[in-house]
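Structures follow.
Two complexes, one shared chain (subunit A), two partners (subunit B, subunit C).
Right, the complex of A and B next:
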C-alpha cells in the first residue's frame, strides 16, 4: 500500500511547523552568542528597536518568567540535570546559544533587526574538545557499567584484538529546519505548532515550564520533515516562540537557521571507545571489554546506549563494559538514529572484523560460531531471532562467496575492491499506547492516537492495520496523529511506534469489531453501507472505542531485539583515496513487515545514514572558539544521490509471536546498526588500511 | 540582510554606469554565491545592478578562438557541442562543479567572481583577514583541511590568508590559456586568465585584479591541439556537490607517445587557480610515461607548504597530477 499522505506531501498540502500562517503572526529571529562560555556584559538593542517593523526584543533582562525554570531538577526527566533555560540569565553555556529574540511584523525585518543587536561578553575559558578532557569523565548517574564472568578476560585469550575507535559529532540535519509557532488564547492557554516526534512529551514539558494544566496546553505536529531524534524534547525555538507570544500578545513563529540547527536541537555526541576482544583459535569468544567515553554539556548528562550491542550480540562468557561522560561547554547532545548503538557497533563490529583476520577466519563464520541462542545479557530467550537467516540470505544475495579474504586481493581495473560485512542488534519493545476508533455515520472509520509520523509512514501503516482488522477498504479509514489532545501515545523514537501504537490500533479495532458484532446481533458487517445502516438502525451518530495496549509479562521473561546483517562492496582508488560504495545488501529481522514499501524506505534511509556516518559526516568544532566551522549543508557533508549505490533490502518477515499482537518488531534504526563498520571492514579488505576514526575520508586513506 | 536598491541594466554601458558611481554597488548575474554572502551578512551591497538582460550569452567559434559570453550559463557551456568538441576539459571541469541546479543558474563570469568557501570567511564572529582585514586568519592555526599549500608568501599576521579559490571551471580556464574580456569605466581591456585572480599578498580581501565598475563580458580560449588528451580530475569528500580537496586539469598534445605540448593546473591548492608552467616544461618532448609524469609532479610540488590538517595534500597533489596526466594520455 502506498503512502496515504503521499499526495499531500508532494503537492505541498501537508502543513509543516513553519507553514502555520496564523492571523496576526509575528516573526521571531534568534540572536545567538559568539562565545562558548562566559557572561553577557551588555546587550545593545537600541538600533534594532528603531528598525522598521520591530515589535519587541526579548533578552534575559525582560523575558517573561518561566516558573518551571526555578524548580529544582527532579531527576525524573529523561535527561539528567538542569535543562537549558532560554533567556534566563546572563550565563553563556555554549556557542551559538540564543541570547535574544527579535520580534517583527515580517521575517525579513526581524532578520535585519537581529543583525543590529550587539552583545558584549565577559569571556571565560571553555573546553569543547573530548580527548584532552578524558580525565574529567565520570560515570553517568544512569550508569551503564556491566560485568558478566571475569573482567578483561580477553587478555587471557590466545588470539586477541585491542584497539581504539572514534566517532565524531554527527548532526541530524533533517531537511526541514526546526520551527515552532505559539499562540496564547488567554493568560493560561497556549497552543504550539511545532516539529516534534512526541506531542505528548512536548505538552508535558510546556506544562511543567509554565505551570499549566494538561487542558491548557495543546501541541500540534501533524507533519514532520525528518527528525531522527532531534525533535524528541522541547528546545529553544519552542520556548522562544511561547515567550515571544506571551510578550507581544500575538502568535509568534520562530524558525531555526541551518547553523542554529547544529547547536540547539542536539546531535550525536563524539565517542572514544576502546575494545578488547579475545577468542580461542577456533573462534569461540573468550571475553569482550568495551570502554566508551562520550561527551555531554556542562548542565545535563546525556547518556546513550553505546555499549548495548556488545552486551547482547554475541555469546561470550566474559564481558565488561564501562561508559563515562565528559562534560564540555557545548549544548546537550540528544538521541540520534540508533543513539549509542550506531557508534558502539562501529567499534564492536570493526573489532570483530579485526579478530576474524587475526584468527584467519571468515567474518560470517566467526559470527555464526558465537551466535547467541539466548540474550547473553540476562539469559532470557529471544522473543524471536532470525539473525542466522539474515547472514545466510544476505551472503547469498551479495555473493559473499566471491570474496578472497586477503586485503588488496580483489580489483576491478584501477580500483581496489573490498567486501565487508557486519551484524547489528537493536532493542525491540513497546510502550503503553492508547488509540480511539470511531465508526462514523457515513460508514467510514476514524482512528486516532497522539503519535507522530516523522517520515516512516505511520499514517499509512496505522490505516492499514485498522482496515485489516475491520475488513474495510483503507480508503474509508482515516488515521489522525500529531495532536496532544488525542489519546496518549509514546514519542516516535526507539523504533517502537509500530509495536506500541500499531498494537493499540489493532486492539481497539478488534474491540470495535466485537462491539459491531454485538450490535448487529452476531451478523458480520463487511460493507460501508452495512455500517451506515447499523448506526442508523440503532440511532447512533457514531460508535467509538478507546483502548490502551501495553506489554505483559513477556517483557520480564523475554528479550526483544531486531537484528540485521550488513554487506557492503566498496571500490577504493589507490591513488586518490576515493571510496565508492557500489553495492549494499541489508538483510533484516524486524518481525512481521506491515508495509513492504515503507519498510524498505526505512532501510534505505538507514543505509544512507550509515554511508554518511562511515564516509563523510563530521561536525567540526574549532576548539579555540568552541564553535562549529562546517555549520551548513555545503560543508557538513551528507551523502548525495551520486553517493548512494544499488541497495538490496532483504526483510526476513517472520512474525514475532511474543512481543506484540501484530508480530512486528522495529525497523527505524536497526538498518544502520553496524553499518559504518561494514564499510570500514570493506575498506580494509580493499586496501589493507584499517580506519578506526570515522569518517573515512580520502585524506585518511592517503596518510 | 539590508534593504538594497535593485536595478536591471539594459546595456553593458548602463550596467557599468550603475556600479561605478557607487563604491559599494555590485553586479549580480546568477547570484548563486552573492545571495548566500548577503544572507550571511558577509557582504551588504546597498545597490545591485542585475546584468542578466545583457546580450552576453553567446558561445561562438571565431576561427582561432572560441568566445564565451560572460553570461553563458555553466550548464549551457558544459553541454555545448563546440565546447565538447574543442574544449572537453572545460566541459568536464564545469560538470565537476556545484550541483545541476546551481549550474543552471550560475554564469561563467559569476563563476570567476565567486569567493572562497573558507568557513572562517563565512562566519562574521570568527577572524578572517579576507572578510575583515586585520582581524587575523582563523584557518592558519584552525581547521585547515581544505586550505592552500601554494602561493603563501610570508606576510605579517594581519595579512595572512590561506584560503583557496573554489572554482573548478577556473582551473580548466587557467590551463587552457583563456583571456578575459573586460569593459569598464576606463575602457575595454583583456586580462590573461592566470592574471585575473591574485595571490593574497598584503591584500587578501582582493580576490582578483578587476577594478571597481569593470564588467566581465567574455572569455576567449585559443583553439588548441589538446582536445584528444585531456582530463579534469577532482578529488572530494563525496561524489557531487563538494569542493575539491585537490583537482587537476591536464591536457596533452601527443605525437605518438611524445608530448608536444602540455597544460597543467590545479585547484584546491591556492588563492587562485594554480597553473603549473614549470611542470609543463618538464613534460614537453618526453614520452608520456608514468616516470615522466612523476618528474613533472615533483617539479609541480616545489614550494608547497602544509598546515596541521592539510599535510595530506603534499602526498595527494602529486599523486593526483600523475593520475590526471595518465588519464589524459590514455
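Right, the complex of A and C next:
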C-alpha cells in the first residue's frame, strides 16, 4: 500500500514547522557566539535596534524569565546534568552558541539587523579535542561497566586481535532545518508549531520551563522533515521562539540556519574505541573486551549505547566493557540514528573481520560458529531471532560464494574489487502508548495518538493496522498524530513506534470491534453502511474507545532484538583511492512487516546513512577556535544520488510472537548497525588496507 | 485575476522604519539618496517615500496567475514564495544552493530559488510544486507526482517538492535515459532520508511511459 500522506507530500501540501504563516508573524534570527568558552563582556544592540522593521532584540540581559531554568537538575531527565539555558546569563559554553535573538517584521530585516549586533567577549581557554583529553574521561552516571566471566580473557586466546577504532562526529542534517513558531494566546497559554519527534516530550519540557499546566501548552508537529534523533528534546530555537513571542506579544518563527543545525540540535559524538577479541583455532570466541571513549558537553552527560552490540551479538563466555565520557567545550551531543550501536558496531564488526583473517576463516562461518542461542548478556531467550536466515539469504542473494578471500585477489579492469559483510543487532522493545479509536456517524474510523511520523510511514502503518482489525477499507480510516492534545505516545525514536503505538492501535481497535459486536447483539459488521446504520439505530453520534497498551512480563523474561546481515561490494581505484560502493544486500529480521513499501524505504535510508558514515561524513572542528570548519552541505558531505548503488533489501518477515500483539520488532535503525564495518571490510578485501578510522576517504587509502 | 499579497498587519514595523528614516546621517551617507526623500523622511512624511525607496515593483506569473508585487531587491525568490505569498510547498533546506530543496521552474527550467533574487524575474513565469497538479483535493496529479507515490520516492517528504521539480527538469532535458544518467543529473538534490533509488525508479518509469512532462 502506498503512503496515505503521499498526495500531501508530492503536492507541497504537507505543513512542516516553518510552513505556518500565522497572521502578524514576526521573524526571529539568532546571533551566535564566535568563541567556544568565556563570558560576554558587552552586547551592543544599538545599531540593530535602529534597523528598519526591528521590534525587539533579546539577550540574557532582557530575556523573559524562565522559571524552569532556576530549578535544580532533578536527575529525572533523559540526559544527566544542567540543560543548556538560552539567554540565561553571560556564560559561553560552546562556539556558535545563541547569544541574541533579533525580532523583526520580515525575514530579511531580521537577518540584516542580526548582522549589526556586536558582542565583546572575555575569552577563556577551551578544550574541544577528544584525544588529548582522554585522561579526563569518567564513567557516566547512566552507563554501567559490564563483565561476564573473566575480564580481558581475549589476551589468553591462541588467536587474537587488539586494535583501536575511531569514529568522527556525524551530524544528523535532516533536510528540514529545525524550526519553531510559537504564539502565546494569553499570559498562560502557549502553542508551538514545532519540529519534534515527540510532541509530548516537547510539551512536558515547555511546561517545566515555564511552570505551566498540561492544558496550557499545545505542541503541533504533523509533519517532520527528517530528524534522526535530532528532534527528541527541546532545543534553543524552540525556547527562542517561545521567549520571543512572549516578549513581542505576536507569533514568532525561528528557523535555524544550516550552520546552526550543526551544533545547536545535537550530533553523533566522536568515539575512540579499543576492541580486543580472541578465539581458539576453530573460531570459538574466548573473550571480548570493548573499551570506548565518547565526548559530551561541559554541562550534560550524554551517554550512548556504544558497547551494547558487543554484549549480545555473539556467544562469548568472557566479556568486559567500559565506557567513559570526556566533557569538552562543545554543545551536548544527542541520539543519532543507531545511537551508539552504529559507532560501537563499526569497531566490533571490523574486529570480527580481522579475527576471521587471523583465523583463516570465512567471516560468515566465524559468525555462525559463535551464534548466540540466547541473549548472552542476561541468558534470556530471544523473543525471536532470524539472524541465521539473514546470513543465509543475504549471502545467496549477494553471491558471497564468488569471493576469493585473499586481499587484492579480485579485480574488474583497473579497479580492485572487495566483498565485505557484517552483522547487526539493535534493541527491540515497546513503551506504554495510548490510542483512541472513534467510529464516526459516516461509518468511517478516526484513530488518534500523539506519536510522530518523521518519515517511516507511521500515518500509513497505523491506518493499515486499524483497517485490518476492523476489516475496513483503509480509505475509510484516518490516523491523526503530532498533536500533544492527543492520547499520549512515546517519542518516535529507538525504533519502537510500531511496537508501541501499533500495539495500542491494534488493542483499541479490538476493543472497539468488541463494543460494536455487543451493540449489534453479536452480529459482525464489515461494511461502512453497516456501521452508519448501527450508530443511527442506537442514536449515537459516534462511538469512541481509548486504551493504553504496554508490555507484560515478557520484558523481564525475554530479550527483544532486531538483527541484520549486511553485504557490500566496493570497487577501489588503486591510483586515486576512490571507493565506489557498487552493490549492497541487506537482510533483516525485523519481525512482521506491516507495509512492504515503507519498510523497504526505511532500510534504503539506513543503508544510505551507513554509506555516509563509512565513506564521507565527518564533522570537523578547528580546535584552535573550537569551531566547525565544514558547517554546510557542500563541505559536510552527505551521500547524493550518484553515490548510491543498487540495494537489495531482504526482509525475513517472520512475526515476533512474544514482543507485541502485531508481531513487529522495529526497523528504523537496524539496517545501519554494522554497515560501516561491512564497507571497511570490503575495502580491506579489495586493497589489503585496514581502515580503522572513519570515514574511509581516498587519502587514507593512498597513504 | 490579479493576486496581491495579504495585508501584513505591520504597524510596529512601520514605527521602526520611521525611526530608521530619522537617522538622516545614515541616509545622507547614501550618495544616491535624493534630498527630497531625506527631507520627506525628516518631516515624517516617510512611509510612502520609504516604500518608494526600498521596494521595487515586480510583475511575474506564478503557477499561471499574474502577480503584481512590491518587494525589496534583497528578497530571494524562495523567501518571496514562502514568506510573502504563502506558497510554502517550496522548501528551504540550506539557503546556499547546496541541497536542491528549493527547486522551482522559471520559464520551464529548473532553478534554485534560494540563489536568485525575486526582482531578477520580472515578466517571467515561475512554476512551483503547487502548480503541477490539477486543482482540488482529487485533482489529477502530474505523472511524476504519481510515480513518486507509487515508488515511495520519499520518506519525510521535505526534499520531495524539490526532487519532483528537478525530476521534471531532468526528463525535459532528456537526461533520464538510464539509471546512471538519472543519478548524475539528480545529484544536486539531496535526500537525507535516502529515497534515492525509489526516485530513480519513479523517473525511469515516467521516461519509459513517455508521458508529457
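Everything that follows uses one rule, which is that the second predicted complex is superposed on the first by the 703 of 703 C-alpha atoms of A that agree within 3 Å, B and C clash if a C-alpha of one lies under 4 Å from a C-alpha of the other, contacts with A are read in each partner's own complex, and residues count from 1 in each chain.
Here is the rule we use: a contact is a pair of C-beta atoms (placed from the backbone, for glycine too) under 8 Å apart; a residue touches a chain by one contact, two chains touch by 3 or more.
Since this is a predicted model, take the numbers as computed values, not measurements.
S.K.: Look at A:34 in the shared chain and tell me whether it touches subunit B only, subunit C only, both, or neither; answer first, second, both or neither.
M.R.: A:34 sits against subunit B, while subunit C stays out of touch.
S.K.: Who does A:106 touch here: subunit B (first), subunit C (second), both, or neither?
M.R.: second
S.K.: Touching A:19, do we find subunit B (first), subunit C (second), both, or neither?
M.R.: second
S.K.: Going by the contact rule set out at the top, does A:258 touch subunit B (first), subunit C (second), both, or neither?
M.R.: A:258: touches subunit C, not subunit B.
S.K.: Give one of first, second, both or neither to describe whether A:580 is in contact with subunit B, with subunit C, with both, or with none.
M.R.: First partner only.
S.K.: Once the shared chain is lined up, is A:642 touching subunit B (first), subunit C (second), both, or neither of them?
M.R.: Both subunit B and subunit C are touched by A:642.
S.K.: Quick one: classify A:627 as touching subunit B (first), subunit C (second), both or neither.
M.R.: Only subunit B is touched by A:627; subunit C is not.
S.K.: For A:702, is the partner it touches subunit B (first), subunit C (second), both, or none of the two (neither)?
M.R.: In the superposition, A:702 touches subunit B alone.
S.K.: Once the structures are superposed on A, label A:115 by its partner contacts, choosing first (subunit B), second (subunit C), both or neither.
M.R.: first
S.K.: Applying the document's definition of touching, compare subunit B and subunit C: which contacts more of subunit A?
M.R.: It is C that touches the greater number of subunit A residues.
S.K.: Need the overlap of the two footprints on subunit A, from subunit B and from subunit C, as residue ranges.
M.R.: Comparing the two interfaces on subunit A, one with subunit B and one with subunit C, the shared residues are 108, 112, 632, 634, 639-642.
S.K.: Once bound in the complex, which stretches of subunit B touch subunit A?
M.R.: By the definition above, subunit B touches subunit A via 1-3, 41, 99, 117, 119-120, 122-123, 125-126, 138, 141-143, 145, 233, 235-243, 245, 310, 312, 315-316, 319-320, 322-323.
S.K.: For a test of understanding, state which residues of subunit A touch subunit C in their complex under the given definition.
M.R.: Interface residues on the subunit A side: 2-3, 5-16, 18-19, 21, 23-24, 27, 50-55, 104-109, 112, 172-177, 223-228, 248, 250, 255, 257-258, 454-457, 597-598, 600-602, 604-609, 632-634, 638-642, 644, 646-647.
S.K.: Enumerate the contact residues on subunit C facing subunit A in the complex.
M.R.: Residues of subunit C touching subunit A: 8-10, 12-13, 16-17, 19-20, 23, 50, 54, 72, 74-75, 79, 82-83, 86-96, 98-99, 101, 128-130, 132-133, 141, 145, 148-150, 152, 154-161, 164, 182-184, 186-200.
S.K.: Subunit B touches which residues of subunit A in the complex?
M.R.: The contact residues of subunit A facing subunit B are 34, 108, 111-112, 115, 575-578, 580, 615-616, 620, 622, 624-625, 627, 629-632, 634-635, 637, 639-643, 697-699, 702-703.
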